[in-house]
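In what comes next, chain A is part of two complexes: it sits with chain B in the first one and with chain C in the second one.
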Partner chain A sequence: MKLDRRFLLRGTCQGAAAAMALPFLDCFLDTNGQALAATGERVPTRFNTFFYGLGLTKSLWVPKTAGLNYETTIQLKPLEAFKKKMNVFSGSRVMIDDNPNFQHWSGVGASATGISPSKTGLFDSKTIDQTVADVISRGSRFKSIAAACAGDPKQSYSSLGGANNLPAEASPLSLYTRLFGPGFQDPSRGDWKPDPQIMLQQSVLSVVAEDRKRVTQNFGASDKARLDQYFTSVREAEQQMAAELKRPDIEAKVTIPTAPDEMVVNSALPNMRLVLPLMARLGALAMATDQTRVFNLSISEPGSQMFVPGDPLGYHQSTHEEPLDPILAYQPRVARYNVYSMELFAAFLTELDSIPEGDGTLLDHSLVYGFTDVAFAKIHALDGIPVLLAGGASGRMKTGHHIVGDGNPVSRVGLTVQKAMGLSVDSWGGGSMETKSPYTELLA
Partner chain B sequence: MILRKRLLAFSSAMAVMACLPHPAAAAPWVRSFVVGTYEYAFRYGGRAGYSRPGEIEPGSDCIHGSTIHFSNGEQIRRALKFQSWRSPEEIHTVSTLPDLEQAKTPDQARFMIWDRAMSYRGWRHGIETYINPFAAQDPGQPQVVSRIGDGFNLDGKIGVNDFVSPDGEKGVDNALYRAWGCDAPWRGNGNATLDLRSNDKMQEGLYTMVIRISGNQDPMNDKDATLEIGYSPDKIVKDARGQVATDFSYRIVKTAQYTKMKAKVANGVVESEQVAELHAPRIAWFYDHAGDANFHQGKIRLVIDAEGNAKGLIGGYRNWRDIYAQNTFAQDGGQQGVREHEDGVALYYALKRNADGMRDARTGQNMGISTAYRITAASAYVVDAKKPAEITILTLEEKRREAYLRIVANMIKATTTRIVQDVTPGTSEGAYPNMERAIVGMPSADYFLKTLDRPHFDDDVQEAQASK
Partner chain C sequence: MHKRVLVAVLTVFVLAGMSQVPASSASGEVVSMRRLTEQEYRNSIADIFGKDIAVQGVFEPGKRIGGLVAASAAILSVTPVGFDSYSKMADSIAVQVTSEKARGRLVSCKPASAAQPDDACSAQVFGHYGLMLFRRPLTGDELQSRVKLAANMTKASGDFYTGLRYGLASLLQSSNFLFRIEVAVPGSGKDYRLDAYSRASRLSYLMWDTTPDAELLKAAQSNELGSPAGLAGQVDRLMASPRLDTGMRAFFSDMLQLDTFDNVSKDALLYPKWSVQLAAAAREETLRTTIDLALHDNGDIRELMTTPKTYINRNLAAIYGVPFNFDEEWVPLDFAPGQGRSGIVTQISMLSMFSHPGRSSPTERGVALMDIFLCEPTPTPPNNVDFSIVNNTDGPLKTVRERLMAHATNAICASCHTHSDPIGLSLEGFDTIGRHRGTENGQAIDVSATIQGKSFVGAQGLGRFLHDNPKYPACVARKLYSYAKGVDSQDVEPKDFKVAYKAFSDSGYRMRSLLKGMAESEDFFHAVPPVAAAKSTKLASQ
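Here is the complex of A and B:
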């Protein structure tokens, strides 16, 4: 008997029909575990970003050797468990061309868009997560989701470009409510049905569709462009609604938890250690149940304000005030904060890796782009900005490598990401960072 | 036999001639460089391998180590107690920050409150300190006590405060080192924060400085060489290791930040003449304060190595108020203070006290201070552009530069007339509005808003206030 993911156990109970869904079973997948057996559709590859402020300490994080089997460094130690599932990029450079070095922003903008930003706080183009989401998010309820573990919705590095930053969910509860609150239907439940509210909204958009063509006929070029941008977002809303009217293509062996309690969400490290796993778990569940395929998690603003209670300097001030140790040649207190950031990154990866999916885990079917704002925070240096890339992208990304950038633009990593995510793109970035050279040795 | 003897004599003569040093063939030559590091020539006297947590070690230059201004609550209390108009309770609260942990970001709140407080240390309430440093008491700046220092004998005399160079040259004038050499962000054994930062920004593309030496004799020995120094609009090229790459081409700007001078080369050491005004780019880490360093009675000395790279000094007297402004208002005085443990007021008095040149005949005051800057430079091709090259203008940053120039103008007016000047808008001077943002959520926020002064702008300019 052939089962698919929509199979229901049926029967009668006291004269009424009854149905019960099955959990997601391996038999729903093809023999490779890569595709749904019934439809032949591949398990979707998800994309994540992880942002942490203030970089790492070069002498403590850059592996001494390139390629496979590099020796794990002190600051990569928290990620040791994922060494074979990730790639490490050192020696990448941000070229600012004739733009200023916006302290703590130029590196963020360049890493996220491949373009040196011309204004502080704004991205000069769509960020990489949105570029990827344009292609992979069709069919999911949310095009992308951003969450900020330090409790500030502005700590989102997801943008449509310019002032169109997409705010982050700033607490586990708000993230839960967005993902699994009103409007959410557990795809593993047998009583899944289209939301009548969504159907109504979609029908309204369909009604105005004809009128919009008539209205735009006589407009000037700039208004047409503005309206085009507007209707693009309307179309995206339509697509999202269409997705919501259809049961998600995949289901996972997961249980949606109950809503988390209100909790203190700020830059204090002990709180972040509680908040991050919750948010990471919710993001992972959202991807496992195909609510979204793009999840962005941040732990700080650029120039991280993370602090350990009792430390009067905190992270950012330490980068400025703590002298370089004359013997060690680095800042010991800052180095500890660097490690805290990597521990939080590891906690995120742990959640992704804990969800089994087909022949691997959610992490294996994902790509996680870990980026930061600076290379050497004390002087806001951009040369040698670290990039970490975790996940196998459903087998499209070879992992376990240390790639030495040799001063190449950081955009090469971004282009590699897009290639691995299956985007049809030949070049990425702008100005001196425009590149046509992905790290092909990593692409399977 | 006679023929054989003559042949032998001829051969011997030829052999002797071959062994004699030949005068080099006179031919035009050019050696040029792109500057890779550019720092104040402060000689670090600390012991290698000696460490005291949180401090740069003492040394023969600075027996108490580097400055530690504003590095903790006690330092803040010391700075505040000079203002008789502050109450003991205010001094206690500001220096101890009792409810700091309740701020959303405690480190930012601490930093901004102290930045604001240190920006108002005048003789009365409401005088911004860094624009009006004369209105605050001299908190004292540890000075360099060593007798060894780098630089030039600019005045041709051997004075009691002059240094002896490491090579034994007496009469070295580098009063800037005397005044400022113990300052935390500039003191270190290759790891001084602002040396690292300004060099990183230069190499990143903030500005490029080039040097071209030419002559008609031997590049290693030429009594009539020409040395040019100036700005290039071409960004420094770095190699795969992040070092300044050698043998790339750079255009040179001749309209500003440029000087052409005579020089002599002896055994690879290039020594320029002393010129009344030596213009070259100045040390900078922001666009705002980048520009022309005008060295009076300036000169340059470079040693060229076998690889074709160079290192040496550029020196002269610089207007000490310019140096004060370029350092203090690079960000804002309080930020330089709390973050870098440097006190602009102490710096102001130290520069004034040590000024040793550019005497103003009208007032009798020394307007300049002797200086030397240390240069390392990589071999490059410095070329005249087909079209005249110009200094790069960053349109996006011009507003900030204008704001910087306004605040500098106010400071100069204040310190020369001793009439208190206001904070000008468009800078983050006085931690405005950053302190207001940082203390949100603190139970004592209202107290700090009431107690600590701030710049007072009209409502419309308040909105436009930019911060770095």
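Here is the complex of A and C:
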């Protein structure tokens, strides 16, 4: 039995609403009085992004050989455990066309949308996670979730386009509350039943959504678009409630922990090392219990302010002010910060890989798009911007490769991602970065 | 049966509310749509329902545009994440308002039966709160939909107040509450003017940072705000209230970028005295000093750059190096001339917000102060600058100044650094958390600077330079105008705030004169109608 909200509101349940509680619930039970149960659908493929600022050091991260069985490099060392479960892309280009190189932004926009941004701080289209979510998130409670491990809700590179970035949860506690606070029901428990409260809230949303028809004033183009966005958000809330009325199809073998404590969340590396695993774990559990299928985790702003206590410069200032070591020919302090970023990425993957699911792990049923803002932070260079892609996308992505981009646009990776996620899309990106060529050798 | 009652009630209500609305908002041009800021939302709820109604939830962040977060409210929308939060807050507020404890005070009528719908009573409640929340009367349809919702929910639950709760929650998460929708109607000739209710909102959020009170709404309804005398009467009333402090605190917080503190971290190893409490106190110190000078003393705003007066608490006293032997939490303090402090530019807030976690930054300080006080933003540096020399503290160049100067010998870099650095260099006598210091890496710090042909020494010289710079008060006027209208300050022309600025300078730069001059000038409610989205822009037709 497929439940449709309109049916519930306007159909037989509307009558039942008058008598409240129990008859209410009957709408959700099958003829045997069981809550609607798993339909035996296969585990969904999830999509994740991981954003870290300031890139990596070319001479230390790019493997010497292309293809399979490349030798792990110094800066990829923290990810060695996942070598067979990921692909690394070197030599990708960001083509800015007629736009300026917006420092620490052009690379973010290009990686996340395939389009060179026309303004700093704004995305010229919806970001890749939202494009993927449009297709894969149907039926899950949250279309997507973003979390920022340095404590700033603005550190989200998940956007509906324009200025409207989806704010990130900025502490483990707020992430927990959003995912597992009020409104959450553990699907692994035997006594799962829909909450009749939700039906009432749906009626409220229905009135709010219908306000759209009551608008009588004339709007200019941009304000009309903003009002449309508001009503799209209302519709998404309606979809969330519809999902909450239905027991997730998935059988998760996980336990939801109790709420984490309040903690200091900022750009100091020791704090990030405590916060990231907690956030990653919560995101992984949310995906395992099908609360969401898209999870975006960031560790910094594009010009990362990460700092090791005692270092008066911190990461971003170091990239600009630390001289190149005359013998090593790179910036040693910056290189250490690069490695810290990869260690945090590895901690994220570890959490995804620790949840068993069917014949593999959550990571095997996911794709994780790791991206950054620059190739060489010292001079804001964009050519060779690193992209790291982890997870097997439920077998649709071949892994273990080092792909040498050879000056190809970074958007080729994004298109490959969308193909692996099952989107029917032929091209992606804009301007010189518009591409119709995914890395077909990676697609199974 | 109850349907007939409803129609009758609605008719009475709608007639009472709508018939006198001059050029009603039902058919105007929307000229601005501003998402409520967190503080505007909180203040509005407190004023409508009382301070004991808890508002718990996360608000979507704004962005700073042209130096003001207020400008971003006019370009941001509500994302699904934001709506989820607004929706939960709406329900939580509605539950509190209709609770047994609060309903006696907040629900103005009693239902005929507590277990049955009472459309007359619910229409009265929604009509009243709808007007307060939407800042204009509800349309008949808006009201009727809520009355119907409440009746259905009452029938479902067997409780009148449960019905009220859901109806109220639907108003609280409506776009008409979450956005301040400013509507303009044709004025004399070709131009457009804000309608009466939009005027009331603009005045109220500017002056008090909250929703219009009953008297202001009445002045809108009677179109008193349409006449110069009526407008002046309301402006005077708003400005005479102590609540003007709240409104101007919100403005100065935005202009001085004090929200930046939310994301300032300092290196705890190098600066163990830094704490969240210290940051909060530093922000409060600056607001107290500013409001005291600008409003309570009706002082010359230029003196904000030079005044020795401030307020401190125990945390701040430790950084300023002054004893604190008081029982009160906050006490006034006059810095002695020898302490090298000068107005708010040398307060802990301004010094620490624009510095690195472990080190002061003359460039960041200079760039920020030029932008905040002189409305002169600095362009971003070229992409391929070599800053290495700035960092090498082991070399012969010991102080930041020496290293910056070396870097600025490059012609491209110099064009900007001669613009922004002098201000920052004159503040090098203070470290990244605002403590006074005389040396850096063992070398005495030179705090002399030359900018735009004027030479000065140290923070006190800087304070005097800003005090005497006519760009500073002009910048205050520009920012206030942009804040009030929700526009990018870089897009504003001097003529837009000419009348207000004249009142400001004629008064010897008193903030009250600027405010009054602005609110009463003809330009303030002038609007350019938007270019329509398409021929059929009415959303109803889609």
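The rule is simple: the second predicted complex is superposed on the first by the 371 of 444 C-alpha atoms of A that agree within 3 Å, B and C clash if a C-alpha of one lies under 4 Å from a C-alpha of the other, contacts with A are read in each partner's own complex, and residues count from 1 in each chain.
Just so we're on the same page, contacts are C-beta pairs under 8 Å (C-beta built on N, C-alpha and C of every residue); 3 or more make two chains touch, one makes a residue touch a chain.
For clarity, every value in this text was computed on a predicted model and none was experimentally measured.
Visitor: Between chain B (first) and chain C (second), which does A:154 come into contact with in this model arrangement: first, second, both, or neither?
Guide: It touches chain C, and chain B stays clear.
Visitor: Please work out whether A:261 is in contact with chain B alone, chain C alone, both, or neither, and reply first, second, both or neither.
Guide: neither
Visitor: Going by the contact rule set out at the top, does A:323 touch chain B (first), chain C (second), both, or neither?
Guide: Once the two structures are laid over each other on A, A:323 reaches both partners.
Visitor: Which one hits more chain A residues, chain B or chain C?
Guide: C
Visitor: Counting only touches as set out at the top, which of chain B and chain C does A:406 meet: first, second, both, neither?
Guide: In the superposition, A:406 contacts chain B only.
Visitor: Does the superposition put A:119 against chain B (first), chain C (second), both, or neither?
Guide: So A:119 only meets chain B here.
Visitor: Once chain A of both complexes is superposed, is A:71 in touch with chain B (first), chain C (second), both, or neither?
Guide: Neither partner.
Visitor: Who does A:220 touch here: chain B (first), chain C (second), both, or neither?
Guide: second
Visitor: Common interface residues of chain A with chain B and chain C?
Guide: 101, 103, 266-267, 305, 307, 309, 311-314, 317-318, 320-324, 378-381
Visitor: Show me the residue ranges of chain A that touch chain B in the complex, using the header's touch definition.
Guide: 91, 93, 95-101, 103, 118-119, 266-267, 305, 307, 309, 311-318, 320-327, 329, 376, 378-384, 406-407
Visitor: Touching residues of chain A toward chain C in the complex: what are they?
Guide: Against chain C, chain A makes touches at 17-20, 101, 103, 121, 143, 146, 151-154, 160, 162-167, 174, 178, 182, 200-201, 203-205, 207-208, 210-227, 229-234, 236-237, 240, 266-268, 305, 307, 309-314, 317-318, 320-324, 378-381.
Visitor: Would you tell me which residues of chain C are touching chain A in their complex?
Guide: Spelled out, the residues of chain C in touch with chain A are 25-33, 58, 60-61, 63, 72, 75-84, 87-88, 91, 139, 141-142, 145-146, 149, 152-153, 155-158, 166, 169-170, 173-176, 178-179, 181, 183, 262-263, 265, 267-270, 356-359, 380-381, 383-388, 390-392, 529-534, 537-540.
Visitor: Give the list of chain B residues in touch with chain A in this complex.
Guide: Residues 46, 48-51, 54-57, 66, 71, 100-101, 104-108, 110-111, 184, 188-189, 191, 193, 196-197, 200-201, 203-206, 238-242, 286-287, 338-341, 392, 394, 396-397, 468.
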